[in-house]
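Per-chain numbering from 1; labels A, B and C assigned in written order.
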Amino acid sequence: MQPDTHHEGSLAVTVLVSVGRHPLTGRGRRADQDARGVELARTLRGAEVELLHAGRLDEGSEAALRGYLGMGFDALSLLEQPAGADVLPALAEALEAAGPQLVVAGERAEQGEGSGLLPYLLAERLGWPLVSGLAAVEDVEHGVATLLQALPRGQRRRLRVRLPAIVTVDAAAPAPRQSAYGPARRGRLDVQAAPVMDDVDLAQWPAQPARKRPKRLKIVKAASARDRFKAAAAKAEGGGGQVLSDVTPEEGAEAIFKLLKEEGVLR
Amino acid sequence: MCDIQRRDPRQEWIARNRLHPRHLEVLADLGGQAGGGAAREWMGPHGLIRRNPHGAGFIGPNGVKRIDRSGGQQGQGASGARASTAASKPRVDIEVPAFLVAVVPDMAGGRLTGHDRDLLGLARQLADADPTARGAVLAVVFGEHKEDDFAGAGVDRLLHLAEIDGFAPEACLGALVAAEQAWTPRHWLLPDSKLGGADLGRRLAARLGERPATAVWQLDADGEAPLGWRCTARGAAGTLDFQRPLPRLVLALAECAEPVSETRHAAEPLALSVALPSQLARIEDLGQVAVDPAGVALSEAEFILSAGNGVRDWDAFHHAAEVLGATEGASRVAVDDGFMARDRQVGATGTWVTARVYVAVGISGAIQHLQGIQTCDKVVAINMDPGCDMIKRADLAVIGDSARVLEALVALVEQSREEKRNAA
Amino acid sequence: MLDTLLPILIAAALALAVIGAGRRVRLWRQGRPARVPLLKGLAAMPRRYLVDLHHVVARDKVMSNTHVATAGGFVAAAALMILVHGLGLAEGVLGWLLLAASATMFVGSCCVARRRRNPPSRLSRGPWMRLPKSLMAFSLGVFAVTLPSVGLLPEDFGSWLLALALAAVVTWGLAEMVFGMTWGGPMKHAFAGALHLAFHRRAERFSTKKGGSGRSTGLKALDLDDPEAPLGVENPADFTWNQLLGFDACVQCGRCEAMCPAFAAGQPLNPKKLIQDMVVGMAGGSDAAYAGSPYPGKPVGEHQGSTHGPIVAREGKALVDAETLWSCTTCRACVEECPMMIEHVDAIVDMRRFLTLEHGNTPNKGAEVLDNLIATDNPGGFDPGARMHWATDLELPLMADRQQVDVLLWLGDGAYDMRNQRTLRSLVKVLRAAGVDFAVLGNEERDSGDVARRLGDEATFQSLAKRNIATLAQYRFQQIVTCDPHSFHVLGNEYGELGGHYRVYHHTTFIAELYEAGRLTFRPWKSGSVTYHDPCYLGRYNGEYEAPRNVLRALGIQVTEMERSGFRSRCCGGGGGAPITDIPGKQRIPDMRMNDVRETGAELVAVGCPQCTAMLEGVVDSTAEVRDIAELVADALVEAPSGPAGRGEEQMRTVRPLAEEVA
């Protein structure tokens, strides 16, 4: 995509993209993590990025897929799959045929089971190493990629992996660029035939909209009812919050210090 | 404490003399020595045993006084009871388990996380379901750890592989496969967490060819299911619940079960009989990258020190953020006035933050700002104006000059760090 | 000797002017085609010039008179000169008329010269500084050469040296005034301006009927069905030819600059410079020759462009920086003020469209807001099912239940904003007190598409608009009332092109009508001085300056006007997606507006727009309270007996339902 910047041959990158689902309205969209993956690939120096999707082509999914094209792509390869199909064989075959150096995927799909297994199964089947939860690809040199993996609390871990490899990105990766209407409208969806395998198991599992999980009560293993009552009541009285007025700065600081320690944010 | 009984005649005399002004004090004192609320028995001056009937008994678990005439409870006081709870939990030993439930905890920071404990609780549910054929919970732990309460968390068997350290998913996977071959646990449970469990669990699933249940948060007994259980798993980015039979491999969410608290277990060390296969590591760990807390994205930060219109001394504010190790945030006004960068703005018009602790310095709390900190757990406000909206939202509010409070806070933190260094 | 020289000079100047005109026309014709009635336009041009243009120029009396004298004198002098000196028809009255005309022009040019002695910063310098001298040269030269023609001086007065000197002066004058007119001198504005008026892109602005609307403020839709049609403007040639012509008409008077809130706030926008940059781009070259105020913080001379080169570069510099385009609040102050009737906002939105639709480069929160609009139909990304949560206790009637009502209350996205919910509650209270038969769309309502359109996302705008139009078509109502001037403008002026024609009222207009109909009674205003801030989308976009003031008057409030009010009202900074794109400046626009409020000493500023409320309330340490007019009305309501309300309802029912037309 950016031929002026690559210095040691181009790097073939395939990004697996899926049709996302807006959490509030359920409308189809670019899946957030996949779009971040596309952004990550798009900013890689000397990368030749291909978009690959396995699924159905209908009105809803087309708009979402065109969303990826709007990030500045001419075409997207689409492996036609019926609803409820296991897309693993189709993707594995396509990747084997194309032989990219790096495959980028989101961690989990926003529709269907969304188990996040697909990249692992692909890696197992292709025999490639897999690194999950990427924040950035720092460098690719001589077939070895230096990656930055995102850890909780904004921490990062640096890894080095031999290519070809599969990497997944999560919400810590850079935010995707805006999808522009013009390129999205112009881009091609190259529909290709692919082997189809039904996902028999998934069809048997009843699915329903996620229930709100019960909030766990603070378990108090107190000796007496009085203590248990006190512990239960302590939560309720916390609603208003504690206000320290007419205290010296030192006393105020002490109270804050205590809270910070309790919460364990001071390192 | 030494065991030699020492008598204080004067005290005993006061204890007998109910009219003595220090009578109650001495009674309490004597009682304290004996470990009860008040003295129940003591030797009189003439060698006679004196009894205080009010001192008999103890405060029961429901706050009611209980007198146990059998003598079994003699001398058991509150302080003694606390010390012995850990030891008093019934110990459960499963000598010959009918099956194994393997758990691979995250062990973040070398200790069991809350998530790990929940998972062990889930494992216990699976293991103890049939009292006639109880299973054992096997925990597989990689690398050095600092945990000393595997027993209390419900671990019957412990496979500790200290040689696999750091981020080595391929080596971990090899070890798990070896464990699978050695013992073939009926269940594999892993936390579906960003700390590593989610990754390792999926690797294991792909290697074993098992289709795991991911994001499991509920478990019910179900006779019709192959393994006797049915689970509820989140799917589609947390918007769907799938009901499905419980498979062998389970990746469970936090709070999937109550952690073990009533019993103690053996936590008996196990070892693999075969040496781990040496593997060519295709993923090389170059170690953690030092991350400047100030550079952490606001939406990711867990501890934010945020400045508003009330901040006058900006150098002091930045210094405070540095010392506290907090990520800096700002209100719209502070950004508009050019004191902070735009990407530091918190609120509906800036970034919606998810910090656990949010310290608002000199922020009055415009509605847009409060919207942006909705999901923060603990909000601390330092403000001059006791009537502002931020104070109403805050869990802890300090009314006063923010610069001086911050200064004092910085001093406290530095002092405590100093003490820790000296102690170490 | 002059007798022979002058016709040659005049003929040469005219010939060169015609060649120049041809070249100029070719430049304009590089733009995209636009259908304009050419002859009708030319026929209407004098009226547009004399009435509509002078209506704007006359806001500055001195300049207006100066221009009448100079321009009128010049046009007459030039025409007469061709007759007198070119064709030698000096006999009789013509020569005297020419003397009078050139004398008038001379007087005018003296005024121009005085103006140029210490010009305000908004005026461009450079070649414009020589214009008064050129005007004087022309008028004096013509005057002098005409003297012998009418016999005031002998034919052979003076020596040949004097004649040569006079010829030189006349040549200078002719060069500037005739040759320069079409070859790019300051007088270009007369030639291009006249044609611009004739072929104006919004002919509706020039009403020929008395009492006609004379207002055309809605943006023009892009054709999204045609895959070949360009999405916005990438390079100067992507403007329509009459837009390019319009840019060329600029006189660089800088009135737009003086009015522009973004320029005053130190954001990198200057409407005058922007138009001049378009002129530079049209011909190709660098902006180094520009002699007016630059974009704040951006030195002149670093940018260049060409007719078919990009206006905004993806990386680096081209003709204009993207920030410049995103600084605009689309407040239309520049358009309102422009004596040449140039449409700055259209041009800016055209260029924004390209940036958003082709580059995908809406700055800052822009992309997020657009994504939200696509996914949730509101810019905040809130659950569309939660749109009515604020009003659960009000039990608002829904259109879905009522099917047919008098008034459809359009809530706007303020329904998600806790501050605006207070306004909406007040408005509901007022409507109920007046016994108005109204209903709301509830969760069926979507964002009107205003923000998306101003941010250049025409696709999202049209998608929202079409779905809104489809929803509205299901129901029968006579009018739409909204408290959001942006929705008001979009529903009333921009949905028409997509097939939605409605009668839309701003709530202040509606309340004013209710009051006049005697359906509302107010208790007298207690105390405190009040000023009123005209929202751009109500005032300049829709010409509604009086109704809000009438309502305030009905409340017994004496409005202390700000220095900039009415059509000159200063924007709050909240329009055109400016708070979303958030281009930094030296100060904030709402702060400046609250300073205006402070100068009046008012304790309360009445507004009629959720955006203005939010922006003005966001000012720290402000001296005045910000209240929506609906809130003031609701506070002052005296519950009236229900009798007149029922009557009013009957009256309103008899009006022909408008929704039928749509369906």
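Assume a contact is a pair of C-beta atoms (placed from the backbone, for glycine too) under 8 Å apart; a residue touches a chain by one contact, two chains touch by 3 or more.
Every value quoted in this text rests on a predicted model; they were computed, and no experiment measured them.
> Of the chains present, which has its C-alpha mean closest to the combined C-alpha mean?
When every chain is reduced to its C-alpha mean, the one closest to the whole-protein mean is A.
> Identify the chain pair with more contacting C-beta pairs: A-C or A-B.
A-B
> Distance between chain B and chain C based on Cα centroids, please, to the nearest Å.
About 63 Å separates the centre of chain B from that of chain C.
> In whole angstrom, what separates the CA-based centres of chain A and chain C?
46
> Can you compute the centre-to-centre distance for chain A and chain B, using the mean CA position of each chain? Integer Å is fine.
A distance of 27 Å separates the two centres.
> Okay, in this complex, where on chain C does chain A touch?
227, 231, 356-362, 366-367, 370-371, 374-377, 381-384, 457-459
> Which chain C residues qualify as touching chain B in the complex?
364-365, 380, 418-419, 579, 582, 584, 588, 618, 620
> Which of the residues in chain A come into contact with chain C in the complex?
Contacts found on chain A: 22, 24-25, 27, 29, 70-72, 177-183, 185-186.
> Report the residues of chain B in contact with chain A in the complex, numbered from low to high.
59-63, 81, 167, 170, 194-195, 198-199, 202-203, 205-207, 211-212, 214-215, 217, 234-244, 255, 258, 261, 282-289, 291, 293, 296-297, 300-303, 324-327, 356-357, 359, 377-380, 382, 386, 391-401, 404-409, 411-413, 416
> Would you mind writing out the residues of chain A in touch with chain B in their complex?
Touching chain B: residues 21, 23, 26, 108-117, 120-121, 123-124, 129-133, 146, 148-149, 151-162, 165, 170, 172, 201, 204-211, 213, 216, 219, 221, 223-226, 238, 240-250, 252-257, 259-260, 263, 265-267 of chain A.
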